[in-house]
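Following are the structures in question.
Next come two complexes, and both contain chain A; in the first it sits with chain B, in the second with chain C.
Presenting the complex of A and B:
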């Protein structure tokens, strides 16, 4: 059972809802009946020790666990009222609507321009070069990268610095006009300045997109999110407003973890 | 409470709590000694209270430095964070309590005709009560005990009652015998200082409650 803070009300604007979601790797239960709403009104952070299941749970929202043969997901997840596991759901389409950014920046070994234009092209969002130009500029601008790369769009994406590559990946996710962006440790491989830029970006993007971030850095969760869920041994232990979770958590396990007393 | 994975963090917190305890102990002794000095007209003891206040001031600045260091280096969260913030504020308040005792001690030589004033029998009792509040609130701090903190808060009303009765008494002295006005005014300031000590102990109690529970005591208790 999850301890949900009183201040958490049901959000009518929730983009995604997860109900009693469990994930098994073979016979091992990695996530145990977790329910949560994901809203564009705030950034949601998942925190918890390694192996607690937070990344596994994050990957449920765009069915990335489908790519793991032994993984089995049960329970119910909706995106805008649609069951994401229904036969009618196109997984490629789902992953465009629910984008993902990973721990290590993973730009395509192509030009900066093509890194952004590829998604819109295959999703039929930009037929003409002029349309794609607009999308590329808009996406890079929103990702805070435009000024740094506008004169070198034909350079390889992999030639950028780590922090720039990560913002390129965020721009790439934005390019297909997603509704939700999932971020799995998006800044853990970056230096503090690049991390600050990513965090500033998350702040700017929230409101427009529903953002869920998994992070090992509790300071980061405290800085960027308005809702925090603490996971432990596959269970969502406590879920509440970030400021309450970090100043006055209710569950002993949450307190021990965030004050550095865990284990 | 379980230990932190990083042992040095525990050592820092323990040291912080130790500094507060030491400050509180000195403040408690200062209240007793300043009243003792005042009753007996012992100016030498009064001077010692004045001197010992410097130690309290020095401890306060040590608490400040350590708290800032802990926040900067350890990034405390949840009850740790509340504990450090509370320590920072409590140190400031205990320093004020020390100042009030110092102020009482400084008035020792200014009171004449000690045996004429009835409040001189009431003041020690009032001082004892205020000192008890300081003592109890520091015990509550050490034990992270919110219910003892609430008891301290409720004691403040008694200190206030003492103050009101001493006030009336001294005013009637002044009315009846204008020659006593100067000494009576000194005693009034002393009573006022003790009343303020009670208020400050109440503030500390609220912070202890906050550090322990994350919320301030209910309004009815204050």
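Presenting the complex of A and C:
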């Protein structure tokens, strides 16, 4: 059962497409046959009440559910026409192309420099120190952190403030030059000022990367995204242009959620 | 009069006080007082019971030291004591014989002269036991009455009982700490005696170890008390050979168990590994002496080391390393498991493989805990006795060849204490000096390890 909003035609150059994806935790079905197209040009927001499966669904796109022994994913997901579950697709390569930022900032207990250089090093993007220097500066600049940390790149990443740590994690994800960035409630652990900076950053990055963001804040979805999918009880209820979802939803449940009747 | 009876009386009175306190508390609990009482009746009951039991127990402990002396004094004051020998061993034995007969623990006296003292002893013991009972009951009633008077609706019995619990727990933990100090003090005492005979410089920096327990104790030869070969043997066997075995195997098993093993397999392998820690060290000793040492000797001879000994440092060190594996593994396991899973996910999400994640993220983050575990393991290895007593030699050798005979501090402590020298001979006393050094070294290692663990814990909180 697929409820694609009629105002969105099938995106021919979709970056990622998911078809009939279900996720089981043991015998519990967390996601029930969801299909969606992720456009390269937009920020896509997944909204819905807690426990609706939006984070679980997000983790399907870079196969992070593989790390959970009891989780089982069925259905079909493509990145640029390639099946991400096929034998030809190396999960390590997939994750280099589909980066992820987590709910709680999780910089490694290494220096700021090494946090950024970690990905490029393991993927062989910068063999020489000079190459890495360029990548580190570029990534931090794009994440809007360069000016704040350029004089203390050798300090531990964990010594930064929460908002800076989260931008460091975004810089870390950018450093391997991904095509898609998945963000799992990236601002939920931050104060309003840091949140505003992250939202600004998402806006700046949106032209360059396909961004999918899970958020429980409807205001945030309205501010940063161009496409919104509403999830409820493991199903995708409605998907469409953000402005339509918020002002003129088709489904009754979406309207109830948006207007705060539940969730 | 026996302390057991006094304690039983105290417990009986304590129960009575408990019931009385509760009864009084119930009366105001149900008495229609408009305000709620601040403590439930049980707390008032415990408060009264504590005020009976603790003074009485303190008195019983004190009385059991004081009473025998009072009895003896009163016997000495009696006319029958006039026949006692003036002093010395004979006088003491007459008194103790008479006391034993009076207690009923001996059938009769050996010295006839003690016969006359039995009756005064009986009489004095009877008198003081009555005094003891009376004082016990008085103290119990005084304490109980004091507490009972205070019981009331506004009385904070709950906080008082809470404080008593805290004090009891504090005393319990003090016992362990005071014991450590006691051990330390007795070591220091004997060590000082040793160093008054042998210079600390000879002991700490000399390179020849060969104390002769039969030599003249008043004029020890300081050059035979050089402990450097022992320290070297201890470090070589316990901190070098054993760790070369234990660190890689322990770490690899910890990494396998935390990162690769199926949870079902883990529930089997982890306890199996921990059984290793439960094997008595003497059993490891057999294994080292009967199986590993000959095998190592044969292997060494086969490749051309004809001088290889059956009591090689290698055999003792390898078996000790095996014994230490569970320590290293379980500390490493804990600290790897303590690395937040967000770190691991972060690394996977960057496209790192499992082994890259372990090497570059988990291992560095867990390193302080692993280092602390290794230090605790080293301090255990250098203090380990049975394996080396059975498998290592007693020959003090300063050598870097693991196939040679070597001895350790603990082996020499055993040898010196069980040797034929008299107790105040410097050769025997050297065991205490060795023990003292060992104590300081393991204490320092444990201290550093705990500091490292503490800093590591703060890092993620």
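We adopt the following convention: the second predicted complex is superposed on the first by the 259 of 263 C-alpha atoms of A that agree within 3 Å, B and C clash if a C-alpha of one lies under 4 Å from a C-alpha of the other, contacts with A are read in each partner's own complex, and residues count from 1 in each chain.
The criterion applied here is as follows: a contact is a pair of C-beta atoms (placed from the backbone, for glycine too) under 8 Å apart; a residue touches a chain by one contact, two chains touch by 3 or more.
Everything numeric in this text was worked out from a predicted model, so none of it was measured.
Asker: May I ask you to decide whether A:62 touches chain B, chain C, both, or neither, giving the answer as first, second, both or neither?
Answerer: Only chain C is touched by A:62; chain B is not.
Asker: Should A:119 be classified as contacting the first partner (chain B), the second (chain C), both, or neither?
Answerer: It touches chain C, and chain B stays clear.
Asker: A:186 in the overlay: touching chain B, chain C, both, or neither? Say first, second, both or neither.
Answerer: Neither partner.
Asker: Have a look and say if chain B or chain C is in touch with more residues of chain A.
Answerer: C
Asker: A:108 contacts which: chain B (first), chain C (second), both, neither?
Answerer: It touches chain C, and chain B stays clear.
Asker: Identify the partner contact of A:176: answer first if only chain B is touched, second if only chain C is, both if each is, neither if none is.
Answerer: The second partner, chain C, only.
Asker: Please work out whether A:163 is in contact with chain B alone, chain C alone, both, or neither, and reply first, second, both or neither.
Answerer: neither
Asker: For chain A, which residues lie in the overlap of the chain B contacts and the chain C contacts?
Answerer: Chain A residues touching both partners: none found.
Asker: Per the contact definition, I'd like the list of chain A residues that touch chain C in the complex.
Answerer: Of all residues in chain A, those touching chain C are 62, 64, 67, 69, 92-96, 99-100, 102, 104, 106-110, 118-119, 122-123, 158, 169, 172-173, 176.
Asker: Applying the document's contact rule, which stretches of chain A touch chain B when the two form their complex?
Answerer: Interface residues on the chain A side: 218-219, 222, 246-249, 255-256, 258-263.
Asker: Any idea which chain B residues touch chain A in the complex?
Answerer: Spelled out, the residues of chain B in touch with chain A are 1-6, 9, 75-82, 214-215.
Asker: Taking the complex as given, what residues does chain C use to touch chain A?
Answerer: Interface residues on the chain C side: 263, 340, 342-353, 356, 360-361, 364-365, 459.
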